[in-house]
Amino acid sequence: MATKGEAVVTERSTMVTVSAEVAGQEGDPRSGQISMRCDDVAVKFNGRTAIRDVNFDIPKNKVTALIGPSGSGKTTLLRAMNRLHDLTKGAVVSGSIRLGDTDIYKGGIPATLLRTRVGMVFQRPNPFPTMSIYDNVVSGLRFNGIRNRAVLQEAAESALIAAALWDSVSNRMKAHASTLSGGEQQRLCIARALAVEPEVLLMDEPTSSLDPISMRLIEELLDELKSRVTIIIVTHNMQQAARVSDLCAFFLMGNDRAGEQIEVAPTKKLFSEPDDPRTLDYIQGRFG
Amino acid sequence: MPEVPTSPSVAMSNPLLTENSKSFSVKSDWAHWSVLYGASGLFALICAVFLISIIVSSIPAWHHSGLSIIYGRVWSQGSNSFGALPIIAGTLATTAIALFFAIPIGIGSALAIVHVVPGRLRVFLSSLVELLAAVPSVVYGLWGLLVLAPWFEHTVEPDLANITGHRFPFQAPPEGVSLLLAGCVLFIMILPMIVALSRDAISIVAHDQFEGALSVGATKWQVIRKVVLPGARNGIVGAVTLATARALGETVAVAMVIGLNPLFPPSLFATASTLASTIALQFQDATPLQVAALGALALILMTMTAVVNWFGRRLVRGLAFRVGVI
Amino acid sequence: MTTGVIEGLPPDPILERREMVQRVARKTLDRRILVSKGMIGLCGIALLVGLVPLFAILYSLVAKGVHWWSLDFFTKTPQFPSLLDPNQIGGISNAIVGSLVIDGIAALFAIPIGIVAGLFLAESTSKFASLLRTTAEIMTGLPSILLGIFAYQMIVIGFDQWGIKLPGIGFSGIAGSFAIGILMIPIIMKASETALRGVPNTIREAGLALGARRGVVARRVIIPTAAPGLITAVLLAFSRAVGETAPILWVIGASTVVAWNPKKEMASMPLQIFQSATSPYVSLREEAWGIALLLVVVVLIVNLGSRLFAAWLQRERR
């Protein structure tokens, strides 16, 4: 896999590549290890392109934000990253999306297994309403065949602490998930995703259906979660992208009504001196 | 129409008046409410008379036989002996046979329609199932009698008997028209109803919960088993309950294929009888006392189905009312 | 740059758990995928198994029924097979007319009562309304033979208890209409309640805010808005009623001549199927397929037509 002067570093069992082009540039989040890499990624639904020409690296243990107006294909790209499009008839993902050095589409890894390594949090909180809080958190572990009670208990506690939910639910783990507030439900979903210890956490507008205080809580959470997982977040809210992300990828709908990648840059740079005039237009609120 | 000040009773019965009377004045409308109460009252009256009529019509039979109508083991019209226990047993047995097949096949089909077959076929199958639920039961009975009965007599029942070594409950000589045939006809009849109602319940379980489970590494079946089925549980149990009520009370389709034999069926291949089919087939030429005995059967049947139905309704209340199906 | 295990430090519990989850997930993956494919395959098989008898019924209906359809079949009255001509069976015009009259009269009184009572259920929150709703729900699920007994008691032999005396009018079409109509009312009630509740409250309040009476709002705004749902409700209830056999089994008398007068004995299609199918003559038994096909075609046309019509009306409105 090592081509074009990329260094290959072994970290325990997974292979991680470092992009040489940006390595060493001061303050660029891409100077560290790379977690996922998109090469010429395009997603088509029944022949109609939803997003194309996606080429960028996602730095490990950083927050990468995907921004852009509606229809620019950010959510489509995000869902391609843990193969949720597999369920949709007529959806085709081309190009390559790699996790470490595994191409997630070309026979590298079964979708079920991939999703334990790349977790996802959805736009609306979707805890399983028929399960208790505890059962929700450990559901991923149980699906994957882990039955040991001590292990489950420990993982649940760790995930709930990481999702800043432990203090408020530790004494009512048997209560139904539906008894939680909207913000708590979303944090429960984060804990559920964290419990299987994924390497990457995809978040699809995780705060768009929440009140400002819950949104604040989750934004603060992201900063702490960075050390544990690589985060990719889709957001409509540019302030949020500016607040939480290290790297920002901007997408627009092209003339053919397909989304395309316009610019990828460290968040500070993208919001202060973007290379592309269209990026400037968007962040100054001229469209979208 | 004269305008009358809002009366307290009308205001109580009407959410808009009580909630919004402060924001704007609502004119009361006696004519409107009297028409509404008139029609509703008429329906309530009909139901009350219906209930009374069934009870009253059975009184002579209770006088004649007492509670032995319920536990007596001999039903013979000729000798005015009215013990309905074998008939009640036949009713329960046919329903049990129908449910034995209809529950797994119905729920499996509903899951397949929602989560396996592709979009266009799904729409086609859903409409087909609803149309089949509307096919009159006498047509199912006709098919059972003219197509299924000969096949059961010459193929299904002899083969079953041979495979099982003629052991209980497969031992009697095959007759075609039998307890087993009635159960199977009922199964085919209630299947569209179970499929249509459970399909509704299953498709109500939100898609984002499905994706939520997938995204933590569940296989499709694990999602169905742990998230979809628990989420749809009430609707599915409700569907099965309503289908049970339908099977208990089905009249002509069963009357055509059960052979009407008011004895405990010694075998699945033996003729038997159910409450509804007994009422249907013995009504003609019945003396007043015999009519009363059939009224007693009707009362037993009504109690059974009303209770089962009431439970079922409570469970499917969240789902839209389906005229074609229920 | 190089990360990894640094000697001497305790192992990271998160990395350990990550490895453990991956190890177990990988180990159980094949079995889980096999179970998943197997169970989903079983669901598919259940669907196929369920469809076989249903298609078989439709096939039998068409294959054995359609050749009976002739002008005589629709216009003549039944002839009983004789020794001279065991195949003479005539037609079923009496049953067609009987069904039309019986179900027509039933619809005539069931539709207004059902819709108005449905409006009551949708508009009222009184105890009486919720009791009535439960009653209607239970009534829709009761075996229809019970309504046959009711019609027999009330209309055929009449009522004579506690000094109340209502003369019976004997076996008649009207007795059948009575049973079928009572069968239809709760179905129409519940379905129109659903349709009427679908009208957004804002529309209701807009009318009331203009100072209109509730009755006017109901007639001019709510009922027209809910019309597609109401029409579907009525037609679906009708399609159910047309096929009912049990309630009319012992009340309409089963005449073999064409009768338009509802006070006379009548025939009806579902009843004719029942009687022909259980008759000793082979030719009559086979003819039942012809009637059954006609009945199913009518039921399906009404059923399908109501859905298409409601969908069309909904589209036109937008």
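We just call them A, B and C in the order they show up, numbering each chain from 1.
Keep in mind that, in the parts below, a contact is a pair of C-beta atoms (placed from the backbone, for glycine too) under 8 Å apart; a residue touches a chain by one contact, two chains touch by 3 or more.
In this text the structure is predicted, and so the values were computed from the model without any measurement.
J.: Among all the other chains, which ones are in touch with both chain B and chain C?
T.: A
J.: From the centre of chain B, which chain's CA centre is farthest?
T.: A
J.: When contacts are scored as defined above, which chain pair ends up with more C-beta pairs, A-C or A-B?
T.: A-B
J.: Let me have the rounded angstrom distance from the C-alpha centre of chain B over to the C-alpha centre of chain C, please.
T.: Using C-alpha averages as centres, the distance is 13 Å.
J.: If you average the Cα atoms of chain A and of chain B to get two centres, how far apart are those centres in Å?
T.: 49
J.: What parts of chain A, by residue number, touch at least two of the other chains?
T.: 112-113, 116, 143-144, 196 - these are the residues of chain A that touch more than one other chain.
J.: Can you tell me which residues of chain B touch two or more of the remaining chains?
T.: 217, 219, 222, in rising order.
J.: Which residues of chain C are in contact with two or more other chains?
T.: Residue numbers touching two or more other chains: 25, 32-33.
J.: Which of the residues in chain B come into contact with chain C in the complex?
T.: Touching chain C: residues 1, 12-16, 20, 24-29, 31-33, 35-40, 42-44, 46-47, 49-50, 53-54, 56-57, 104-109, 111-113, 115-117, 125, 127-128, 130-132, 134-143, 145-147, 188, 191-192, 195, 217, 219-222, 224-225, 242, 245-246, 248-252, 256, 276, 279-280, 283-284, 294-295, 298, 301-302, 305-306, 308-310, 312-313, 320-321, 323-324, 326 of chain B.
J.: Would you pull the chain C residues touching chain A in the complex into a rising list?
T.: Residues in contact with chain A: 1-5, 13-15, 17-22, 24-29, 32-33.
J.: With touch defined as at the start, can you tell me which chain C residues reach chain B in the complex?
T.: 25, 32-33, 35-40, 42-47, 49-51, 53-54, 56-57, 60-61, 112-113, 116-117, 119-121, 123-126, 128-129, 132, 134-147, 149-150, 152-154, 159, 161, 182, 185-187, 189-191, 193-194, 201, 204-205, 208-209, 211-216, 218, 232-233, 236-237, 239-240, 242-246, 249-250, 270, 273-274, 277-278, 285, 288-289, 292, 295-296, 299-300, 303-304, 307
J.: Sort out for me which residues of chain B touch chain A in the complex.
T.: Against chain A, the touching part of chain B is residues 118-119, 206, 208-209, 211-219, 222, 226-227, 230-231, 233.
J.: Please name which positions on chain A make contact with chain C in the complex.
T.: Within the complex, chain A contacts chain C at residues 9-13, 18, 33, 110, 112-113, 116-117, 141, 143-146, 151, 154-155, 158, 196-199, 228.
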